[in-house]
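For reference, the structure I am asking about is given below.
Per-chain residue numbering starts at 1, and chain names A, B, C and D are given in the order in which the chains are listed.
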Amino acid sequence: MNGNRFGRLFQISTYGESHGPGMGVVVSGCPAGLELDRAAIQAELDRRKPGQSHISTSRDEPDSVEIQSGIQDGYTTGTPIGLTIQNRDARSGKYEPFITAPRPSHGDFTYSAKFGTRNWGGGGRSSARETVNWVAAGAIAKQILETEDIEVRAHVSRIGDIESPPVTFEEMGKHTEETDVRCAHPETAAEMREVIEEYQRQGDSIGGAVSFEIQGVPRGLGAPRFDAVEARLGQAMMAVPATTAFEIGLGRGAGSVSGLERNDEWTVDEDGDPTPVENDHGGVQGGITTGEPIYGEVTLHAPTSIPSEQTTVDWETGEEKTVQVTGRHDPVLPPRAVPVIEAMAAITIVDFMLLAGRITPDRLDGRPGEYDTDYHPSRPE
Amino acid sequence: MNGNRFGRLFQISTYGESHGPGMGVVVSGCPAGLELDRAAIQAELDRRKPGQSHISTSRDEPDSVEIQSGIQDGYTTGTPIGLTIQNRDARSGKYEPFITAPRPSHGDFTYSAKFGTRNWGGGGRSSARETVNWVAAGAIAKQILETEDIEVRAHVSRIGDIESPPVTFEEMGKHTEETDVRCAHPETAAEMREVIEEYQRQGDSIGGAVSFEIQGVPRGLGAPRFDAVEARLGQAMMAVPATTAFEIGLGRGAGSVSGLERNDEWTVDEDGDPTPVENDHGGVQGGITTGEPIYGEVTLHAPTSIPSEQTTVDWETGEEKTVQVTGRHDPVLPPRAVPVIEAMAAITIVDFMLLAGRITPDRLDGRPGEYDTDYHPSRPE
Amino acid sequence: MNGNRFGRLFQISTYGESHGPGMGVVVSGCPAGLELDRAAIQAELDRRKPGQSHISTSRDEPDSVEIQSGIQDGYTTGTPIGLTIQNRDARSGKYEPFITAPRPSHGDFTYSAKFGTRNWGGGGRSSARETVNWVAAGAIAKQILETEDIEVRAHVSRIGDIESPPVTFEEMGKHTEETDVRCAHPETAAEMREVIEEYQRQGDSIGGAVSFEIQGVPRGLGAPRFDAVEARLGQAMMAVPATTAFEIGLGRGAGSVSGLERNDEWTVDEDGDPTPVENDHGGVQGGITTGEPIYGEVTLHAPTSIPSEQTTVDWETGEEKTVQVTGRHDPVLPPRAVPVIEAMAAITIVDFMLLAGRITPDRLDGRPGEYDTDYHPSRPE
Amino acid sequence: MNGNRFGRLFQISTYGESHGPGMGVVVSGCPAGLELDRAAIQAELDRRKPGQSHISTSRDEPDSVEIQSGIQDGYTTGTPIGLTIQNRDARSGKYEPFITAPRPSHGDFTYSAKFGTRNWGGGGRSSARETVNWVAAGAIAKQILETEDIEVRAHVSRIGDIESPPVTFEEMGKHTEETDVRCAHPETAAEMREVIEEYQRQGDSIGGAVSFEIQGVPRGLGAPRFDAVEARLGQAMMAVPATTAFEIGLGRGAGSVSGLERNDEWTVDEDGDPTPVENDHGGVQGGITTGEPIYGEVTLHAPTSIPSEQTTVDWETGEEKTVQVTGRHDPVLPPRAVPVIEAMAAITIVDFMLLAGRITPDRLDGRPGEYDTDYHPSRPE
């Protein structure tokens, strides 16, 4: 409603501005009995972190996550997990010129028009820094999904006009993290890097896309009509900063394909059940999962913060003026968006698993009404 | 949660299966004081109605809407509006072969896998017949938006490989309803019709896309981060049956565009306020509306019901068999999807207007606490 | 939000005014595989129905429920169940005097102040007629609970100063329906009837209370803090028309009881588990069920529609005037509130069962991902 | 859903356990433009704080609140306000005996039965320490209500058998904070104190009640049927730890009152509008506010933590044993519950004000679409 919550049974509530004291997220609905791996959360944050290479912003943030609640003896307790991340390297000074003179295509104008004010340092609430909360929460979602052998992977599939050939789930696992571009097709990654550097040199930036795939999702998830899997994934992905398109299965291309060509006929799987011979449907039919991998693509426009001169207007004086968005900015978004998109996908799928009762909301072992000696402490050491 | 509700302050709850006794929708959150035009609701249903031409299914449904509640003396009362639409022309017999042998790429398999059963006649709950509820509710949303001079228009922008040149909002208003193809570019409409008939002759079907545009939206709507305008529009559109892509602004194309090219610089409008010189951002920046038109495109895959022979599996016998989906089916979806997409857009925008307090939730005139003699009856006639 | 929805996973959305064409409720979240008993729904409606005796209104409504969707071969399909009930015996004429001159302590004034208008016939949306929707939905909830051996019972525990001695769950089952007063203690029922008739003779009405008890609830339901079982029951019961108090366990009386006296010590049950020796806590500790019966009481004020003369003000003329609320009205509310309170309790508990995964949301048999030959039709007969 | 969120447009999400690192609350939906008074938040926390006198626990917590986000130049920005409060004085050791041997009438048993585990130190998530979050959020709600001249007051109306005579709103304002008992009737406060000390001396505790009153609420708030004002207040109050009854207006007493006696006739106010001559209805008719003060009472049972010996069962050994709940505990709850109940009332009313559009959700000044020079910084100093 207010934009700061996502999820239905697996719920996240976030706060924080780019240059405020800190970011935070309340994760509510994580079942009890998960052996929570703090290092795995941190590792995801490190993937998203600025300053990883010269094709990302040089802002220096340790992004160290602190767990404030929700665990006992290393296991989740079913109660909300409060995560906080302090902001360290905030330098608001260079944002002063934009307080009343909005940067082109940023949220400066719209936040001030909506609220009459805004936290202007570093983009405030509109900054992509907010996604640190999503990645932290998504890392918990991933750990829950792991217990059901569900895995989300993503990689950079397009940068400008450079498009990666299709890659397998295994290739994503193997190659995505090999380069700072995060394209799982190594030769394409090299080409992309060149393109990025070229735009960077010109004081410009460039768009791109991230492909994602989710494997291990059981059949039967999703609640059509309005909570179809693709509808909730659509909301999740279109909330990622700078997204302009969400596609599932054949995506936009499905518009030029005939029914005969796209329809996935049924054959028999090893259990004697119907299984589709292909997966043009992208893992979802009638809004409900078939058990096939869910895959899709998310397009992100070019970063709006660019060093080149641009024209804006100061709404106090009513006069046009020239601005330059100096500072520490990414020349391209997809590489750092990979963990963000994985996180939103993981959160969405965990939510559906809980809603379908495929994961018991109260506890992972599905034995409500009993005390569990596995993760319940008999006595503290 | 369960998939049968949409909206936050403007809420719709729907029920109904393709071949059940009737469809229905509860519209909750329509402010009091709207002079409700039943004929306008019916007119929207007529646009969506089957049997409009030989490029749509020949199922014969009057789709006559009955208003069960929520009005007094012709004005809405602020209490829920119950709408019911009876099903008349249901012929379930021809669906018997598919009870345990799912049609390719339909919801037959997934509904049965999720629920262990399903209403199988005519696709049951997974049928696009459900959208009759959405269009009826959307017609109310449109009437509310009219009071604020906000208007939604859509047209068919792609069929197979035929793509319409860009059309203006005025052209959409003028030409969309001129042909049963609903493309607002008349020459392209003719080409599209040929393509559709060709696929129809071959016992096949073809995909396409619908473009939408919303004008008159004030600046300041939207609740980033998770309830960004594009995120909620994304959910709305991806819930439309057969959608595989949602794009806003430059959409998928934004991936190949540079920051300098896409960024919309600011200039001064007649009020002395900043206004963007272009609208590559599609009416939304930082998840909040700029006041510029919101525009985008929705891709719909080819209808899965085709007369050609296809292979499936009977899950009772575990054997493959050949099926033919005879019956009355659309060879292409975008033409009848136009009013559906307009409806979902209208519902989403009304919701944001209410959430931002731009329309007072209790009553259109925004004077809570007073009795209104304009639409409150002094005495019944 | 808008007041027309209740429930989280088991959701009801209602519409309808006292004198409109009809009432309706969408029940969403009923798991698939329930053999839905329409007669049992009707039986609950008959318990709530007006005209049952001369201590209830003489309005003559068959209250015949029609199931519009959500079933196949007699079993629920997991998709929304649309229920409609036509209004037959609406006589709005006698409400004309109150259009601009609100009846004392009714919703006439407040609805018009909020919305600027209202549906004035028979109280419109503020009429207790709305509870026909609740009872219909509650009858479905009861059928779901039956599959888990959970049962809700209620009876009239107070009328004016006449208070029933405590009765057992068995007595409620045996005696509640024996008299039109619905007090499960027969001698007290007789006394209550006399009191009611006395107030009725005087052109007055009288308040009272309903006690409820829920047996068979497993331990572990409830989601503290804000969704504690008593908090959600509190919302449910305080939404029942005319309620002024909700009590759980010792209720108001707990204020004068000491910790030592109220605390329920633990002993060992037959399974070797801790079980409380008493149930002063009313089945809930820390917002979560202990497995003991949940019990409480709901107070309802006297009906506000009374034949005696009262003073009101016409807001058009600004002048005081005398009104008499003639018509068909109940002299006391608890007897007809018994099925309403049972319904709201059942809806609340089903919701918690679903939220805790104790009933699988998708289907009663808890086997998502499989086709069920028990209730899935192999072939139609 | 998961119990950690409250509110619809004014939303709070909380986390934290009694002996964890810290407590926190995300407040989302506070309109922009409120000059946020941190000291006023702290003052409310100080009212709730332990260790205020020898009739409250001696746990020593500074309860110092830190604002992490949501403000700029001292004004709220409309984005979420993250509040954190560190736990300092946690001594978990003395809770070890109860890990597998639940204290009578605490949440020990039910949390472990639900989740299979629990954070056991100091009651963990079931501790009343959680209400520190509510009071912090409520302090913001109060500041918003102040801008509309709405005020909430509460005082201790009952302790055991000692009942305060009715007090006025003014008396509550004047006397509540004069004593640590927080009864606004000074003589009764003295009596109550004696009773409390007597129970404390006996190693026992005692129940009581808190009365609340809300003045300045405009007519027209509330969304019947399920979101009637009393229904949402009921949920709010029944979520307060240890509540066993919620009453509005005449409350439980309404059961013995006749219609003629309770009905509030209408007269004319200074504006020529109808106004009720009395307020037996407690400020709400038909679920909607009349503009009269809303008042009611909340009963709290005796603290369950008492120094006397009690019997429990160890679920590991299956054996009964005697426990003593030593430590720092309140002998009575109402005094410290006063600020908690005020907070929940304030949060509920703000929410209704936003939902009715009486306060514009985006910003207090109700001028969306404009930049506000009052609280928008022209230039940083």
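Methods note: a residue touches a chain if its C-beta (ideal position, glycine included) is under 8 Å from a C-beta of that chain, and two chains touch if they have at least 3 such contacts.
Here's who's who by UniProt: A, B, C, D = Chorismate synthase.
All figures in this text were calculated on a predicted structure; none of them were measured in a lab.
Between A-D and A-C, more C-beta contact pairs are found at A-D.
When every chain is reduced to the mean of its CA atoms, the largest separation from chain D belongs to B. Averaged C-alpha coordinates put the centre of chain A at 36 Å from the centre of chain D. Rounded to whole angstrom, the centroid-to-centroid distance between chain A and chain C, based on C-alpha atoms, equals 44 Å. Shared interface positions of chain A, i.e. residues touching 2 or more other chains, are given as 1-5, 8-9, 14, 111, 113-114, 125, 219-220, 291, 315, 355-356, 361-362, 368-369.
Contact residues on chain A toward chain C in their complex (touch as defined above): 9, 218-220, 291, 355-358, 360-362, 366, 368-369.
Residues 1-6, 8, 14, 101-102, 104-111, 113-114, 125-126, 130, 158-161, 199, 204-209, 219-228, 230-239, 241, 243-252, 254-268, 272-274, 276, 280-282, 284-291, 299-306, 308, 310-313, 315, 318-320, 355-356 of chain B touch chain A in their complex. Interface residues of chain A, counted against chain D in their complex, comprise 1-5, 8-9, 11, 13-17, 20-24, 26, 28-29, 32-33, 66-73, 75, 77-82, 84, 96, 99-100, 111-120, 124-125, 315-316, 361-363, 365, 367-373, 375-380.
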